[in-house]
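Both complexes shown next keep subunit A, but they swap its partner, so subunit B is in the first and subunit C is in the second.
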Partner chain A sequence: GQEFQFGPCRVEGIVLQELWEAFWDMKDVVQAQDNITNVRLLRKEVLQNVSEAESCYLIHSLLKFYLNTIFKNYREKAVKFRILRSFSTLANNFVVIMSKLQPSQENEMFPISENARRRFLLFQREFKQLDREVALTKAFGEMDILLTWMETFYQ
Partner chain B sequence: DGVAVLPAPQNISVQSTNMKHVLTWSPVMVPEEIVYYSVEYQGEYESLYMSHIWIPSNWCSPTTGLECDITDDITATVPYNLRVRATLGSQTSAWSTLKHPFNRNSTTLIPPGMEVTKDGFHLVIKLEDLGPQFEFFVAYWRREPGAKEHVKVVRPGGIPMHLETMEPGATYCVKARTFVKAIGRYSAFSQAECVKVQGESLPL
Partner chain C sequence: VPCISSGLPKPTNITFLSINMKNILQWNPPEGLHGAEITYTVQYFIYGQKKWLNKSECRNISRTYCDLSVETSDYEHQYYAKVKAIWGMNCSKWAETGRFYPFLETQIGPPEVALTTDEKSISIVLTAPEKWKKNPEESSISMQQIYSNLKYNVSIYNTKSNRMWSQCVTNHTLVLSWLEPDTVYCVLVESLVPGPPRLARPSEKQCVSTLKDQTSELKVK
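After this line comes the complex of A and B, so read on.
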């Protein structure tokens, strides 16, 4: 079967199609709330040319941020926009992925993990420069960018 | 004031076979009245970060039945809390919550149904259509001493699939099992089914 292979980190048991279908169900509602079209949080500098070795560190940081910050603070909106089903599918599958990611903590990997951290900080800094609610809405709407990037590691 | 007057539904349980999950409960008996039931769920994320939020089931909020197909609600391989309550007019019961959270990786996988046929000298199999979550491992061999077993992965089911071009007079056997990617588990193999090809078997 297919699985995620983020460099050394292997993640089984995720049906990517389920995540896509959940996002497509809510895409119009969510992205319609985002009026700032000239800003992109998951910019090219964050996701482009990520090495295999870096990918485990980066996906770990991104999903942790999405679960602990974005999903956690978007839930009232999810109730209001009646997208709890999609919200739940994505959040719970991200929980599964997170539980299976074990990025190496060895010293020799420090330069690689540092690269990944710099990419993540680019994203986080962009997030913090926006108004809180605007940033949450934009980040939630950019999950298609995140899923597209994740798909490149689905084999 | 219509709060929790009805008894709550009892004997809540989940039956799950081949990734089809059904929640069942015992009826709340009110003579000559129709009682409605509502089902709600929450995944691991909700119970960790937003435990007050429950999500109405896709098909059963409300229903008059005593069971609910929650397959479309369970969309991740994590523990899910499930609850049911009864409603009659303005009266509602307390919620009854499933004692142990349900995880789809506990589903019972049974061997797939299959039809093994001959199309001339072609060995053809048609597997039961179990939905997009399923892949099939098909093993087939020529029934003779020391025969080698071949394996093919088939996805999805429900479509006739050519396995082998057979030798006249020979007998070929086939068995199959399923693999569910979302939970990383296999079913047992089905019983083998064999077919014999007309004609004289060729000298070896």
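After this line comes the complex of A and C, so read on.
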């Protein structure tokens, strides 16, 4: 079957098509709640031209943030908008991916991990500049951008 | 002269029809205004940027579609579009699309399909569809260059036995073997890209006949 290869980090057992279908089921509902259309959190500068070596660090930071900040605080909305099944599918798959990612902590990888960190901070800073609820809704609605980037590492 | 935003009903069903990155905004006229001379004005917006932009060729138009392919050609961006109806001095509120992501939402057109036959086999050569381009003189970009994981679903139908089967292929040539001689087979091909569900656009059905079995012909003589 297919697997993710984020540079040295390999993740098996994920069917990306299921994540797509889960997101697509709720895309219109979720994105319609985002009225701050002049802000994009996952801007091109965050995800464009990410090297293989950086990718494991970046996906680890992004998924950790999505799980610990966004999914954690969006659950009530998911119930309200009746998208809990899609919400759970995405959350559970992100947990599995996270559990299998082991970005190397060796010193010589520091410049690479620092690059990845800089990209993540671009995203996080933009997130923090928004009202909390607005930011959660926007980040949740931008998972199509995140999945599109993740797909490039799925072989 | 700016129109007055009145109680004029909005256009309805505003959506993007996107095929191979040719992105057409389309809508239905406002309800209840049959016979009225309605015109429309369109604007578009790039998600994450600052303001709505005009599309000059779609200002005060009477048709109910507007080609925004040029304005939405960076398919890694996401877009919104909106249209309002104008009747005399009155205009409706804006009717707006959802967020449109060409990279994920464009329909992938069918490939070109070339068939050559033998006694017991049919060779199929597929050519990926081309991305929309502004001018015919521009160099062509294959949709394969945009979607490296582009695949094809080839459906084959034996008109004699009424049997049908499908194969999913990634490369551009395919040989169907162990066929029956002197039999008409019909072939239909659809482009597929993993990811969000997309509407399929199958190719025209093409039918060819395998050649007569030469060995049985010789025996008869």
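Quick note on the criterion: the second predicted complex is superposed on the first by the 155 of 155 C-alpha atoms of A that agree within 3 Å, B and C clash if a C-alpha of one lies under 4 Å from a C-alpha of the other, contacts with A are read in each partner's own complex, and residues count from 1 in each chain.
Assume contacts are C-beta pairs under 8 Å (C-beta built on N, C-alpha and C of every residue); 3 or more make two chains touch, one makes a residue touch a chain.
As the structure is a prediction and not an experimental result, all values here were calculated from the model.
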Exercise. For the overlay on subunit A, clash or fit between subunit B and subunit C?
Worked result: fit
Exercise. Should A:121 be classified as contacting the first partner (subunit B), the second (subunit C), both, or neither?
Worked result: neither
Exercise. Counting only touches as set out at the top, which of subunit B and subunit C does A:28 meet: first, second, both, neither?
Worked result: second
For this session: Applying the touch criterion given at the start, work out whether A:17 contacts subunit B, subunit C, both or neither, answering first, second, both or neither.
Result: both
For this session: Could you read off the angle at the CA centre of subunit A, spanning the centres of subunit B and subunit C, to the nearest 10°?
Result: 70
Exercise. Touching A:40 in the superposition: subunit B (first), subunit C (second), both, neither?
Worked result: second
For this session: Based on the superposed arrangement, let me know which partner A:95 touches: subunit B (first), subunit C (second), both, or neither?
Result: first
Seminar exercise, completed: Shortest Cα gap between subunit B and subunit C in the overlay, whole Å, is 5
Problem set entry | subunit A positions touched by subunit B in one structure and by subunit C in the second | 17
Exercise. What does subunit B use to touch subunit A in their complex?
Worked result: 42-46, 48-50, 53, 55, 58, 73, 75-78, 105, 132-133, 135, 179, 181-184
Problem set entry | Footprint of subunit C on subunit A - complex, ascending | 16-17, 20-21, 23-24, 27-28, 31-32, 34, 37-40, 43-44, 141, 144-145, 147-148, 151
For this session: Spell out the part of subunit A that touches subunit B in their complex, as residue ranges.
Result: 1-3, 12-15, 17-18, 22, 67, 71-72, 75, 79, 84-85, 88-89, 91-96
Exercise. In their shared complex, at which residues does subunit C touch subunit A?
Worked result: 45, 47-51, 76, 78, 80, 98-99, 101, 103-104, 149, 194-197
